[in-house]
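First subunit A sits with subunit B, and in the next complex the same chain sits with subunit C.
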Partner chain A sequence: MDEKEKLEKQQAGRRAFLGCLGGAVAGGAVAVTAGSVLPKQALAAAATTPESPPAPAAKAYDPTKHKWAFGVDATKCIGCLRCVEACKLENEVALDAHHFRTWVERYVYLDGEDTPHVDSQADPVNIAAAGTERDYRFSNRYKDEKVDKAFFVPKLCNHCTHPACVQVCPTGATFKTEDGAVVIDHTYCIGCQYCVQACPYGARFFNPEKRVTDKCTWCYHRITKGLMPACVEVCPVSARVFGDRNDKESTISKFLADNRVEVLKPETGNAPNVFYVGIDKDVS
Partner chain B sequence: MEALFTPAAFTGYTYPNETVFPWGVLIVVYPYLTGLVAGAFTVSSLYQVFGMQRFKPVAHFALLASWCLMLFVPTPLLLHLGHPERAFNAVFTPHWTSAMAMFGYFAGFYILLLTLETWFVFRPHIVHQAQTLKGLPGLFYRVLTLGSYDLSEKAMRYDSKWIFALAVTGIPAAHGLHGYVGFLFGSLKSREWWSSDLMPVIFLFSAIISGTSLLIVLYVLSCKLRRVPVDVDCVKGMGYTLWGFVMFTLLLEGVEFANIVYKGREGIDMIMLFVSTRLLIPFFVVQIAIGAATPILILSFLFWRGVAGKALVTGITVAGCLVLINVIMMRFNVVIGGQEIAKTGKGLLYYPWELLGREGVLAAASVLIAPFLLMLLMVRVFPPWEDETKALSH
Partner chain C sequence: MPKHIVRLLLLLAGFAIVAITVRNHVVDKSFYKIGHYRADAVAEIAQDKPKFQGSASCESCHAVQFTAWSKSIHHSTDVGKVVKCEVCHGPGGGRDPDPGYVHAATGPVHPVNLKLAVPTDSRTTCGVCHEQIAARPLQQRQVVINDHAGTQQCTLCHDAHSPQTFNGSLVATAAPGNAVAGKSKAGACAACHGAAGITNASLPGPTLAGQNQAYLAAALTAYKTGKRSNPIMTGMAATVNSADINNITSYFSSLRCETSASIAAQAAAARKAGAAMCTNCHGTNGVSTSSSWPNLAGQSKDYIAAALKSYAGGQRSNVIMTTLAKSLSEPEIDKVAAYYAGATCK
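Entry: the complex of A and B
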């Protein structure tokens, strides 16, 4: 809980900023392009906020009352990568091409080919198109090709029911909360990276500054206050949905009820809690 | 300022986070060291437990070598940890489902056991030195006696019982420690290259061959340096041990590889591409052909033709050197190779070699060399060679 409270304080000043970011995206404006400047602004905002607003809701939060889950409708994703950007800013993820709590993959089937061309925003060609590792975009690299089929797949930690990462953690620094999120206690992690190895989805990374393992927490500091994860908040096409499965009227419950969903790498037995619609056999 | 990380180049598609390798060359050195420990201890036990007299000339040295190597086993791990100051979190509040949480207990128990056995084995020497040396060296040995100066027949019989008991306990302890390292890799389902039930067994056998090889090479080298004749029978015995275990290890590695290929699960295309291009030289040429098949051929020829004397010693030593290369290459191909195959099954990564830095080649080489420097010192503090012990006692 200490970690959670610390996170809350850290993020308090950035909440307003994220709201602006979401608003800008919804308005269709490309508000965030100077990635190198914005994080500093965000940090400055955090630093200059006189005091964090009280969070009574957080204190009242009861993890036993919730069962969080995440849905991805790949048919809706347009690959705008606002989710990646919002996540990086909200969670202070290193602004480079090697550390992501969430990312987006692009699958492109060219005419006459059986296997897809896959890339993410971290691909050197896409970085070149963006001009910097701190901005995110997919280059129009297939413009001269005949494309049979193409789609985007947002990825993040699957917050598995049987997480291999939690199983292998030697200290218990990473654990599954009662509400289903898999989180890491950064004050207790020894940085052995065994969990990074164990995760079949490549969702974990080593935070080079904190020297501990890091990953998506479904924005635990936000969801415990009744907010949506940053990536869900900013998605302009609602390709990402999040909610409480205990609430039958929640978006996620409806998403699961209305769709035939699948999970990534079910053969691992990890039993992910991120459910996909509209992915293809080659997505792993 | 040193870069916080060195990203890896890649081909195909890899998850973005995979471009920073979690484990580097330090984690190659770690299982190499534990393997040498377990292997050297095995040879020591062949004499102490199974009474194989031909191993007597190296038995005490094997124990001392195990001890020196074991002291440095935690070093690569501590250097690798993001927060080494929190290392004991895994010991004081272990997470029981984690194989890695057991390391502290296995290693702690085994270091204690090795220290005790080493003390018992060298007690006559310690007492002798404590009674003859003056000044600081004398004080050093007097402290080491722990107040026990009794070298009577009864006391020595008592010591022998302890040595035997510790050596017997040490066999599962040493092999458990190394089998556990194999389990660390083999139990991960995220990487097809690691995920094998045979991994702990392969690690165990490769440990035995590496430790035996090390003893062969160091024993022959020490004889040359000390200008004493090599005990050919002892070296031949270690040669036989090596021969049998290398064949078995090669068979296990072959079966494991055949399993991966034959099962042909998801991602096999990338594995086949990897082994047929990037791993062609490190795996097939260095590890298998040079490091395993060649020593088997050399040893087979030596034993078949009944070669004796200096030629036999030279042949077995060369085979030992090759097997040492085999095992470090095997560790490299497992630890680094496994991470070079992307978890996506759609790409390959290139391990970014670093010379300097906390996890660079220099650090790894230093960790690998350090136990041998300690050994140089320890053979002077506790002479393990039979001839020297005899000379001292007369």
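Entry: the complex of A and C
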């Protein structure tokens, strides 16, 4: 508790200090950044002229009324990778084996070994098993080994409550929406990739096609229309759940109430909103 | 005022003018409306077109498949195991083929201008979830594909939408009959099928003791209707009515025929004998996993081999057995027959 208070005081102090400093520095800082951001801002301004208003469906959605969260039950995951494929198709992520908004890791403890063998669908052996970079399979590579323990862990952006990636963004391109999703404004992103390095979970990647950073949005275009994220929609074993924590009857509220959940790397202070059941000490 | 102070003030004024100009003309109007970001971006991100449409959108055109699926084990809502249409067939809305990924709000939609895939290689499609690999949880049904199916496709036996429904009208049912009445009618059967329904090498018929009644009734009915033919059985079947069939088959089904070897040893032997794919339906110990299919325990080697050969040759016909029998060579048929013949009646 003391630790937390201390941290809050520290943060408050820093904020006040920056507030004072802000007035003096802002003018110069804005002038400096203006040069690099200018073309994109001009583009953004053009895109939001009154002639092209946002779709009415999106307007009807009230972000202040929702608090989204995600749950993963690793004991159910069968490693079929349909979530990975669905995410790629739904979000138009580059169709190669190196750019993923969500992925699945396999942890395998072989007989007599203390550290797990970890691979994901991006492992060369698994790409070879799938045949092409557009198909995703886990190869049966441990079939002749003696396996002590093994399990799959689906991973995605944790949409943290205190996201380090948002803190380091120099242009305000990545931010946390009022309903809890951490998203990227691609018209403001300058592709500096500070956020890619800041994320302790490796959830972000640089999209070489758009020249901007990309990441999981919890399928923001789906959840705001009352749909489930694509990975949740296709999961055949309900290993992934998603919902609104403001709704006590939602799947995620029940998931959080019925299970003892944990988050990845709690020591980083990011306070993730993706909650796990059935992961192990070596999962991070 | 000293010159250097004037310069400093001018410089500060210049900074202020630039800052205010940038704030008012370059920074988006919605910036800072909610926080340190462009508020309009939220609606823009939410604008993209969803590609996965959900299973409900399939029902109106594909009612038959939808109904089969919604009653099947692939729609087990109680345990959360629901394999939706788009898991195997892909999303109903496609990504725009134009490269550059700037068309998130557009793209073709099934059925107007997007044709969905019907997977043809079911070994790959089903194997995605059902191939036995390390880390897959035990509650997930999984098989070593080569042991379970040999070189066959999964859809040879399983209906893809309802995998516990088996193809080829393989489900036989029969009303239970009166075994005592059946015994009095079954006197003529003993000549070929042995007393108490157990044959030996000198008799031509298969063992009937302990056989599944539904299978026996289906076989006898098939002889009667001409679907199966055999010089002796066709004549015999013509003399019985449907009540007799139920009674006679109940009688033979009630007779005891037990297997001897232990199941684990049998399973290992089955794999060795190349009978692994037979065991899915006929069991490792020759006792079938469904009453629709015949038990093989206690059957003679010659009878099993002859049955397999007649499936391969087309004298007997069954969607699954024909394909499987054709995939076996003559020595393999002998091995399988010998394996099941080893599961003798006590």
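Simple rule for what comes next: the second predicted complex is superposed on the first by the 227 of 284 C-alpha atoms of A that agree within 3 Å, B and C clash if a C-alpha of one lies under 4 Å from a C-alpha of the other, contacts with A are read in each partner's own complex, and residues count from 1 in each chain.
The rule is short, and it goes like this: contacts are C-beta pairs under 8 Å (C-beta built on N, C-alpha and C of every residue); 3 or more make two chains touch, one makes a residue touch a chain.
Not measured: the values here are computed from a predicted model.
Trainee: A:188 in the overlay: touching subunit B, subunit C, both, or neither? Say first, second, both or neither.
Mentor: both
Trainee: After the superposition on A, what does A:209 contact: first (subunit B), second (subunit C), both or neither?
Mentor: It touches subunit B and subunit C both.
Trainee: Can A:99 be said to touch subunit B (first), subunit C (second), both, or neither?
Mentor: It touches subunit B, and subunit C stays clear.
Trainee: Determine, under the contact definition given at the top, whether A:80 touches first (subunit B), second (subunit C), both, or neither.
Mentor: Only subunit C is touched by A:80; subunit B is not.
Trainee: More subunit A residues touched by subunit B or by subunit C?
Mentor: Of subunit B and subunit C, the partner in contact with more residues of subunit A is C.
Trainee: Check whether A:151 is in contact with subunit B, with subunit C, with both or with neither, and answer first, second, both or neither.
Mentor: Only subunit C is touched by A:151; subunit B is not.
Trainee: Between subunit B and subunit C, whom does A:263 touch in the aligned arrangement: first, second, both, or neither?
Mentor: A:263 sits against neither subunit B nor subunit C.
Trainee: Touching A:172, do we find subunit B (first), subunit C (second), both, or neither?
Mentor: Both: A:172 reaches subunit B and subunit C.
Trainee: Residue overlap on subunit A between the subunit B contact set and the subunit C contact set?
Mentor: 172-173, 188, 209-210
Trainee: Which residues of subunit A touch subunit C in their complex?
Mentor: Where subunit A meets subunit C, its residues are 26-28, 30-31, 34, 37-38, 41-42, 44-45, 47-48, 54-55, 58-59, 61, 63, 75-82, 86, 89-92, 94, 106-108, 137-140, 142-143, 145, 147, 150-152, 172-178, 183, 185, 187-188, 207, 209-210, 217, 219-222, 224-225, 227, 230, 233-234, 236-238.
Trainee: Considering the complex alone, what residue numbers of subunit A touch subunit B?
Mentor: Within the complex, subunit A touches subunit B at residues 97-100, 103, 105, 118-122, 155, 164, 166-173, 188-194, 196-206, 208-213, 267-269, 284.
Trainee: Considering only the defined contacts, which subunit C positions touch subunit A in the complex?
Mentor: Per the stated touch rule, the residues are 15-16, 18-19, 22-23, 26-31, 34-38, 40-52, 54, 80-84, 86-87, 90-91, 94-96, 99-104, 128-129, 131-137, 140.
Trainee: For the complex, which residues does subunit B have touching subunit A?
Mentor: 4-5, 7, 12-20, 22-23, 77, 80-84, 86-87, 89-90, 93-95, 97-101, 103, 184, 188-191, 266, 339, 343-346
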